[in-house]
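Order of writing sets the labels: A, B, C, D, E and F. Residues in every chain begin at 1.
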Amino acid sequence: MSLNQLGVVKRNIVRADAAAVARLSRLGVATVHEAMGRVGLMKPYMRPIYPGAHVCGTAVTVLLHPGDNWMLHVVVKQLQKGDVIVAACSADSDDGFCGELLATSFRARGCLALVIDGGVRDVRELTEMKFPVFARAISAKGTVKSTLGSVNVPVVCAGALVNPGDVIVADDDGVVVVPAGAAAKTADASEAREANEAEKRKKLAAGELGLDMYKMREALEKAGLKYID
Amino acid sequence: MSLNQLGVVKRNIVRADAAAVARLSRLGVATVHEAMGRVGLMKPYMRPIYPGAHVCGTAVTVLLHPGDNWMLHVVVKQLQKGDVIVAACSADSDDGFCGELLATSFRARGCLALVIDGGVRDVRELTEMKFPVFARAISAKGTVKSTLGSVNVPVVCAGALVNPGDVIVADDDGVVVVPAGAAAKTADASEAREANEAEKRKKLAAGELGLDMYKMREALEKAGLKYID
Amino acid sequence: MSLNQLGVVKRNIVRADAAAVARLSRLGVATVHEAMGRVGLMKPYMRPIYPGAHVCGTAVTVLLHPGDNWMLHVVVKQLQKGDVIVAACSADSDDGFCGELLATSFRARGCLALVIDGGVRDVRELTEMKFPVFARAISAKGTVKSTLGSVNVPVVCAGALVNPGDVIVADDDGVVVVPAGAAAKTADASEAREANEAEKRKKLAAGELGLDMYKMREALEKAGLKYID
Amino acid sequence: MSLNQLGVVKRNIVRADAAAVARLSRLGVATVHEAMGRVGLMKPYMRPIYPGAHVCGTAVTVLLHPGDNWMLHVVVKQLQKGDVIVAACSADSDDGFCGELLATSFRARGCLALVIDGGVRDVRELTEMKFPVFARAISAKGTVKSTLGSVNVPVVCAGALVNPGDVIVADDDGVVVVPAGAAAKTADASEAREANEAEKRKKLAAGELGLDMYKMREALEKAGLKYID
Amino acid sequence: MSLNQLGVVKRNIVRADAAAVARLSRLGVATVHEAMGRVGLMKPYMRPIYPGAHVCGTAVTVLLHPGDNWMLHVVVKQLQKGDVIVAACSADSDDGFCGELLATSFRARGCLALVIDGGVRDVRELTEMKFPVFARAISAKGTVKSTLGSVNVPVVCAGALVNPGDVIVADDDGVVVVPAGAAAKTADASEAREANEAEKRKKLAAGELGLDMYKMREALEKAGLKYID
Amino acid sequence: MSLNQLGVVKRNIVRADAAAVARLSRLGVATVHEAMGRVGLMKPYMRPIYPGAHVCGTAVTVLLHPGDNWMLHVVVKQLQKGDVIVAACSADSDDGFCGELLATSFRARGCLALVIDGGVRDVRELTEMKFPVFARAISAKGTVKSTLGSVNVPVVCAGALVNPGDVIVADDDGVVVVPAGAAAKTADASEAREANEAEKRKKLAAGELGLDMYKMREALEKAGLKYID
């Protein structure tokens, strides 16, 4: 983050290719993360506020300060249909930065979800309106509007680097970030994994051993595995 | 906490005004907490054992020691209709201080809920009987009955000071404590906030920007916010 | 754990007596743990991935290393109907060691559940197929298959010692380990507690005080409890 | 905390009796805490920034908001010789609220130490000038000066209730709060414990068993302790 | 842990071979742990109360309950010269179970150190008398003497299984448990590692690359490592 | 992080301007972080293994996997005089990735320090050789050399984005990252702050109030601060 990134709103960002996003939206986080070589996953403390949400969209990023949600009001004008807000914070904070009113505003602009390395409130209302939030905490603690952060700068959210326009895939297993430039390639690799799994599932359900299916016996023996009675 | 507060049961406490409690019971934790100036909230690790519970009542307080739930048996006789038990502990503990049998006893006296800075067990049974518990942990670990704590002394529960008779409001967003003497004033301020929100929600859903609605543009400009392309 | 326990698969283990397991399967974790004298409970960070699961079976143990799930493939061949896999890890790790494919394989061998001191993924799919997992974390992060651990050695899982063949009881309150040699005795003690509770529940629901029912008044007075007004 | 306690500086507070403070200053935290009946201790995450500090003084309290240290500037004028600042925060925060310049200002007014449920910075400089700080974190993260908190209202700091004027005793074992009204009584009880210990220490060093010295054998036998070979 | 292990003091235990203990006492925890195949290490939250302690002795085990240190008085009579007390707790607890008086008693019997999955107090006095304690927390919070635990039963301490008589090696890097039966073999393997290191250190200090010294280049290339400019 | 960044060693990186690095090396972390507008700080869990270290150098980055330190051997050849290794990990891990031998190798190449979002071991030896390590944990747990990570790719270390060549400043207050392109500008701003402080320190030590020196009274009054008696 360079010095001139505080107090900045970047208006024009390059969003990941829509066709790649559409393909990724049919895939789960575990599959996509695996296909990426196991990088880009946010920390597992990021949890959905209700089970069953599955989101895929393009990142519009926000940098917040603890106890201050001013930039969540500023970001609204920059949202487009299909965007996911990714909000990072300059220090660990469980404050409830977002509630039902803000979410109503986000949705009115076509925004699909909020991913926030901070707290959220009004979770019952958000659950009823089915607006997915992936957050580190639930807290009624409100915030002020007095310190400038930024919109659409690169941020580190829950341990993952997010550039504006990157693809965000989130479901019950967590949140993964696909760099915009790697979206199509990741969709390819993810779909290849997926295609592979139906057949495997059928064999495993029938009792076939992974030891045989994945041909692990030789490697295990070579590594020195011993069977005793 | 003064020296003579261990081993004490205070029988006569002044509960918050019933009319104010009734008004607060129609409001959410986030609204009430906001109306109080953002103080009085318990730490966000306090979570309900099932979603959707909404509780508002007068505090009957208990001071426990780790691994000992004796005072939860003692408190029962002090309960009145509309009370909420607030149990603090003299040291951090995740032990399961309360289960279904104690909850049955609480409910028989008209008690609405348990707020405990400790663990709880029998959560399936408690969920089925719809007895709300807000707790720091779920644990099957039982407790003994051998050390005196106190009932109806001021306690610090999950970081918040609670005096007997204070109003406790709890929902999916957390637990907030309203001092008995401030109940009516807090209800006033909370209702004023609430009245305000329906109109805002409608405007935001129609796509109006918070930037305009809250007249933030000037302040943002003055703070130095820059838009770049 | 002795030096020769890495890279070992023990094939013949003595499972707890089936009749005792059947009796324990009708009991909750809190009751069993209490009947054992309050030992053998795993740490409360072990949580079910969906509410309502209740599992009782015989332990087949696995020792994993962080980031490596090879041994979860190896263990499959050692599973019998009624087993519960108990997976420990040589260092704290939230990685997603197990997903839907492995669970399909476990179930095909009659395995009832997975208890893992690590992470799990595909939680939506696992919930749909009703395969219970008790875990320390949910994480999409996958693992490699390159380091040998062991199968059916004694392990320490979430703070509790588990020997192969021990009985594992798990429900919404947590996970408890009953040593195989103590299964029948624990079932006796647990059933005795259980029998006792129906009558108590009825009395407490009718408003009888635990103070009277458990004859606590004298002990409280002796300990110095004071009632003030 | 009542509604009118935000944005308030209380000028006149009643400090604990100076003679009692002087007596308590010769005693350790463990002894004082024990003498109080094991209440009033702050959570053990409160640690000194260097070993060996031992502080005893009267509390001047501050209520901060995360990321904002304005009130630490405001409090300076309220300090008297022998005071200890106790700073609570309206939500968990590790920000570095205080550094060397503020500490210089505190010391110039006779203040002995800072106890803060938040972060501190410039720890090398603070160590060199031997100004003791007991804090939850060390962090270079600075703060703004834009939101009102309060000075000399009751606060909950690291789980303990502190009223202005209470006695704060802090050393390598932690921080304990002695209510002003209980200072003399606590000094009595603490000194009695202390007097008792020199003799015990001598006996124990000579190999006498606590089992005998404290006459525990009968109680242990009654509780059912069994010796086996 | 079987049912009959509460309320038991086992008097006769088999301590690890003294010659092997003496050899292990010249080795560091990292070396020993490595030689054991990377098992047997306690969790890294176990920290020494002062830097520079290095301890090696035979385990005398204690099982405590939260808030109760009765068994630390009972264990004293079972101590022999060269023993290390390993104290586990039936639930997570940061209470200060042990202080200077108990340590004086331990030392009078020839005990070398205390390893406790709980808290400790009087750390300044313990540091002055150079009695090493490895603990999960420092806390002034005292404990009662009212619930039976056990002495010299197998315990799980900070995630590691410890049998009475096992060897405990502890230094600034942590605490490792060597099963009594594996002590000599572990000393062999540890010394072999150690012998190896002086030569390596010299080469590395002279600037030789580990890439060459450990002949890693081929394996890295085979794994697919790419150098780019 | 794009897909092709695993298994890559980038040889040529652009290090921050040496003159700017030299200027920053005379400044503390708190000052630099403040001058940057309070961004770029690593999480406060990153602590030095001994007090008093002060480091400033250019980042050579490493991406590790949990339990695997292979890349710490690979990075050695890429080190130049004045570099600081910044090691991130693809998942949270407390393993002891680095010890005395590796540090000897780092120092032989002119490397100044290691900053690692993981564990370290041999802390006594590292302290004796005065090689500074800033780490999230101390653990004797060793690692294998079997999975490829990368060298000199952008990494997220303890919540901060680090590009190869960035300036790392670390002292007792934490670790801050200065983007290479902002090094000179940050040195300017930091020195300006520093120059300012000597005068302030003198005034504050003389008892002048920050309220007056910083002219806060008007703003406080405007914000509504009330003084009561």
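Note that a contact is a pair of C-beta atoms (placed from the backbone, for glycine too) under 8 Å apart; a residue touches a chain by one contact, two chains touch by 3 or more.
All figures in this text were calculated on a predicted structure; none of them were measured in a lab.
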**Prompt:** Chains shared as neighbours by chain B and chain D?
**Reply:** A, E
**Item:** Chain copies touching (chain C, chain F) - same or different residues, decided at half shared
**Value:** same
**Message:** I'd like to verify one number: the distance from the centre of chain B to the centre of chain C, where each centre is the average of its C-alpha atoms, in whole angstrom.
**Reply:** 32
**Item:** Distance between the centres, which are taken as Cα means, of chain E and chain C, whole angstrom
**Value:** 27
**Prompt:** Which positions in chain C touch two or more other chains at once?
**Reply:** 38, 41, 65, 90-92, 94, 139, 141, 147
**Fill in**
Those chain pairs meeting the touch criterion are A-B, A-C, A-D, A-F, B-C, B-D, B-E, C-E, C-F, D-E, D-F, E-F
**chain D - residues contacting chain E, complex** = 28-30, 33-34, 38, 41, 44, 47, 51-52, 171-174, 176, 197, 200-201, 204-207, 209-211, 214, 216, 219-220, 223-229
**Asked** In their shared complex, at which residues does chain E touch chain D?
**Response** 7-12, 50, 70, 73-74, 76-77, 94, 96, 99-102, 104-105, 107-109, 119, 121-124, 127, 137-142, 145, 147-148
**Complete:** Seen from chain C, its contact residues with chain E in the complex are 1-3, 5-6, 36-41, 43, 63, 65, 90-92, 154, 156, 159-161, 179, 181-182, 185-186, 189
**Request:** Name, in rising order, each residue of chain F that touches chain C in their complex.
**Result:** 65-68, 90-95, 139, 141, 144, 146-147
